[in-house]
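Here it is, the structure, as structure tokens.
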Amino acid sequence: MNFASDNWSGASAAVMQALARTNGGFVPAYGADALTAAVRRRFCDIFETELDIWFTGSGTAANALSMAAAARPGGLILCSADAHVWHDEMGASEFFSGGMKLIPLASVHGRIAPEALAEALERFAPGSRTGIPTVLTLTQASELGTVYRPDQIAALAAPAAASGLVVHMDGARFANAVAASGATPAELSWRAGVDIMSFGGTKNGCWAADAIVVFAPEKFGDIAALRQRAGHNASKARFVAAQFEAYLADGNWLATAAHANAMAQRLAPGITGSGTARLAWEAEANEVFAVLPDAAGERLRAAGASFYPWPTDGIDLQPTEELVRLVTSFATEPVEVDRFLALLGEA
Amino acid sequence: MNFASDNWSGASAAVMQALARTNGGFVPAYGADALTAAVRRRFCDIFETELDIWFTGSGTAANALSMAAAARPGGLILCSADAHVWHDEMGASEFFSGGMKLIPLASVHGRIAPEALAEALERFAPGSRTGIPTVLTLTQASELGTVYRPDQIAALAAPAAASGLVVHMDGARFANAVAASGATPAELSWRAGVDIMSFGGTKNGCWAADAIVVFAPEKFGDIAALRQRAGHNASKARFVAAQFEAYLADGNWLATAAHANAMAQRLAPGITGSGTARLAWEAEANEVFAVLPDAAGERLRAAGASFYPWPTDGIDLQPTEELVRLVTSFATEPVEVDRFLALLGEA
Amino acid sequence: MNFASDNWSGASAAVMQALARTNGGFVPAYGADALTAAVRRRFCDIFETELDIWFTGSGTAANALSMAAAARPGGLILCSADAHVWHDEMGASEFFSGGMKLIPLASVHGRIAPEALAEALERFAPGSRTGIPTVLTLTQASELGTVYRPDQIAALAAPAAASGLVVHMDGARFANAVAASGATPAELSWRAGVDIMSFGGTKNGCWAADAIVVFAPEKFGDIAALRQRAGHNASKARFVAAQFEAYLADGNWLATAAHANAMAQRLAPGITGSGTARLAWEAEANEVFAVLPDAAGERLRAAGASFYPWPTDGIDLQPTEELVRLVTSFATEPVEVDRFLALLGEA
Amino acid sequence: MNFASDNWSGASAAVMQALARTNGGFVPAYGADALTAAVRRRFCDIFETELDIWFTGSGTAANALSMAAAARPGGLILCSADAHVWHDEMGASEFFSGGMKLIPLASVHGRIAPEALAEALERFAPGSRTGIPTVLTLTQASELGTVYRPDQIAALAAPAAASGLVVHMDGARFANAVAASGATPAELSWRAGVDIMSFGGTKNGCWAADAIVVFAPEKFGDIAALRQRAGHNASKARFVAAQFEAYLADGNWLATAAHANAMAQRLAPGITGSGTARLAWEAEANEVFAVLPDAAGERLRAAGASFYPWPTDGIDLQPTEELVRLVTSFATEPVEVDRFLALLGEA
């Protein structure tokens, strides 16, 4: 009953086989190989546009190097108050960008509120000595398990672009968002105004496959140099390429994401129907946020369930309740979900 | 006939099997897993001391984060004039260290000359406005295919330590140095005065397995934070651990290195005996530097041999000669060496 | 009627005379002169302790270099939500510290609320991936014209120190705080737990005289190197020393500050008694925050009064009112205050 | 007999008077004042072109912020092996530029050798993993007291520009170069290919007046933000403006420089004619490099002469000789020169 994080799972069978397949022989290092080129082509097909792609060693690196590529002195990065870049990356974006300041904006269940963005663009208008708004970053699917629709992205990206910002998407769970929304990758990214994206495969069936996808290269600095200087240009890049090749082939990436989402959809109504627990808000992708009575939390953990408590900013809880995050992945099995729900219902 | 670089090879069979073995189930992320702990223990055994170990996504990252962990404002990093950190890392050490300056020191075939170190320590004595000597970094085996003996390391490390510097070893090819020298890992590192090391598995049979090994943690800053901030804390760290586990088990790492070295030792006398080509200096590990007549170089490349030209600072060449680097690896086959030599002898 | 900022004034007569006095002859550069040494001694006397002192070219530099001297990777700087370091320095602290993140804490009229500090220390407890609390910075007098009493400083400094943070004071208006509070410089700084201070003379009668005063040097890195690397080690440092010498002689600094405070105390009751305008909160030093009817603001500006509007976070205003800041200085003349109040009373 | 450095002198009478003149009243801070605008106009007149000007707190800051304004990840700064930016600024350019690497080029008595530049541009051609040549910086007058003629500047600037570099001039002693060469400020800067300059007044009669002068603003990032973030935007900027106003009025700056140069020209033949000492190379501006017998050095120092020994890279000395630098300034008096020479002649 593992719901701690989607990065506690291993790799999918398809990815494993691709790694074995690519292992033999001698191949040019640092991405100058045919497989890396083929993967770029595949990304172009999937996103229906020409684009640049840069593998990185982690999602944090993809995010922070994207910020660095857009950096300017005194720059501000506007993000959700729930953003991974703010909460979970030990200041990576600040460091790589030479000290840009992150400005957390109010969100509605993980999605930045348009009025919060408007207020920030006005507050930091030209002449501000706080800094110069430079990047807007959105997380898709969001850290709170919700998904931006294309029009919701555009409603943020358009005013940001009008104020001269570039738009970044943290797509650590982009596959889950595509699978959940029914929109195409293009509709959820550049067509809605996204200029650059951190595209994550690691949480959804790869071992270590993250990349920066650049839709508007003219807006960014020299990512090749930034990445090499950061030690994120893997010498044996073919092994990253092999993961992406298998991940993106035959719709694998959407199949594993759809499975993860389905497991969340199996979990959510069970929580609602449990009588004691409840959903904190609607689960749209592969993360379920639930309010548990303390007794249920203890019982589940004692039975071996893994999951993390979550900060409760803005959530009304009883003194005997806790807010928890339950993450499903490509490897989550229905029987584990059912066992979790059965234990929950034993109140 | 691939002699371009040892990172053009894939992974060894032992490493591949370990990766498959570790793939199943759910495991805590970010290095909080049992396999990572076991690998640390293994490193302690191999180096015969307690130590800290931090996986990174590349050798460049291991080097640059080591520098960052030792950094001080205005600090100077003393390195060989042939050093990878100077020539090949796009300023990674400068960037991660907040702008420390690298001071290239004269080397004798890749090994820093003790008198060059002494001169630098005097030139940048306290009061210098150039900067404050902070790190001495040695590469083992060196970029020019030579190996420091323990006493040669100590002859550099001791005066450096006496002047307050920490001593770093770039051990991207440390296995080759151990296999070639007959000295133990401890003798080639902390017993000779090394405080911190970049330990590389990638060039010698892993896919992507590099680590910072810290012998004197009290001399360094918070590497955990530095690494996380750099995006070099892999979420699915068990896959790095699995590579190191297999790499270090049963002497595998020394066996693959010994093979690579043996291939170089097969190559070197063939070059000397070729009649036209010659060795630029003695090959001690898995890199052979040879002076080729232009005609031979052309013939070999036309026949499919891969290798890089090398800068000729301080080497006397005829106008019709070039200096080249030939790198062997765990995957180099004797037949390929022999084929290369046969082609060379056809002059 | 200039109430825009205390840095719109020139220099006091005492400072001007000292500059002329120090001008002749040849004197060692970069602070190795006798006058600089004498100024350090004077600081020790005034603060009743041994201390280190480093002149800088601005208050922003003093703040940011203090942060840099305390910096660690992933570090967090806890500051007031009204702090100059957050609002007005274009990310200087982030830049100089290698990307530390500023965490704005709720304040009560400019003074950090102890419960906000406690909450932050708990939220960013060890294990946080947001970062590591490293510096607490207080502004004295605060940006909102209030003054911390010694016990109020200690109530923040003690829990911060207990959590391993260093305590910084932005003393751009420290003289005003000393003059207003009746407490000694020592009581308002190191005796209350302050480890390092930005001590400003510029706003209170100098031309450009700011300094870092270090009470606990063992807690900080190499400020000499940080400052030189930042270009803040003036070559003709004697001219900074001369300013401080005159500033601190014969209680001059407290006399000019007391005058500025008295001008604010002349202004404040006049506003309260004006019938239409009101104080936003009590003025304790040399800054008065007032709520003006729009008509009064227009009338005053038309008559030549200079002052800035101020953000109204948390202040209830009528639609026809604005919040403004009125700053007095050593150069403010009573007649100008009276003229301002007369215009205000004409409603 | 002070020949230690031109920054051991005070300020000229004209500068002092201007400071007193500008002191009264209230004036907008941070450079938004009329005098600062007038100084910019004056610079345009002197350089016969439109330009941007940014005051900084030191020459080091002007240099390092210029580098920052041109910075790119992995960038290289090509400088003379004698450059102040390399030897004397504690890594300021590396720090402010986010870690660019300085590449010292061979010089001929302080002037970069064109063939050394050509070699570097070839060595770091596109594809280099050392870095990307980004800035060429020249010092005028050079650190070794020589002066670039316009054609010598152009011979370096043209190939640099052709390779995509920007050209920076460290003009800490630009006045001395203009006075010595007879060329115009324009001929010695933008007309010869200089894009940005650190213009120093401090060594030549100001107290603290340095500035970045930008001839080609389209090639640089946001200097306003860089400077504010660095704490180099003085709040009472009118006092810097006043210094420049007086400095540049009525040819004052060239008169003080011509005096300093004349003192060097008085010193040089005396050294040559002393019988024992000799010039290391020809003195063209206000710095004289002399080889002294140890006995003479001792005698001079005992008599109160101040001067610094200089590193002897490439200079052949007898064991009983030393190389010293003798700097003259606007404040050097002929009688002191004569006294120095008399003492020297007493051998």
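Order of writing sets the labels: A, B, C and D. Residues in every chain begin at 1.
Everything that follows uses one rule, which is that a residue touches a chain if its C-beta (ideal position, glycine included) is under 8 Å from a C-beta of that chain, and two chains touch if they have at least 3 such contacts.
Computed from a predicted model, the values in this text were never measured in an experiment.
Chains touching both chain C and chain D: A, B. Seen from the C-alpha centroid of chain A, the farthest chain centroid is that of D.
Our note on geometry: chain A versus chain C, Cα centroid distance of 41 Å, whole angstroms.
Between the CA-based centres of chain A and chain B the separation comes to 35 Å, rounded to the whole angstrom. Work out the mean CA point of chain A and of chain D, and you get 51 Å between them. Each of residues 73-74, 89-91, 95, 98-99, 129, 225, 228-229 in chain D touches at least two other chains.
Per the touch definition, chain C reaches chain A in the complex via residues 73-75, 86-91, 94-102, 123, 129-131, 311. Interface residues of chain B facing chain A in the complex, by the touch rule stated above, are 2, 4-5, 7-11, 16, 19-20, 22-29, 56-65, 89-92, 95, 202-203, 207-208, 225, 228-236, 238-239, 306, 331.
Chain contact summary for the complex, chain A toward chain D: residues 68, 72-74, 98-99, 129, 132, 221-222, 225-226, 228-229.
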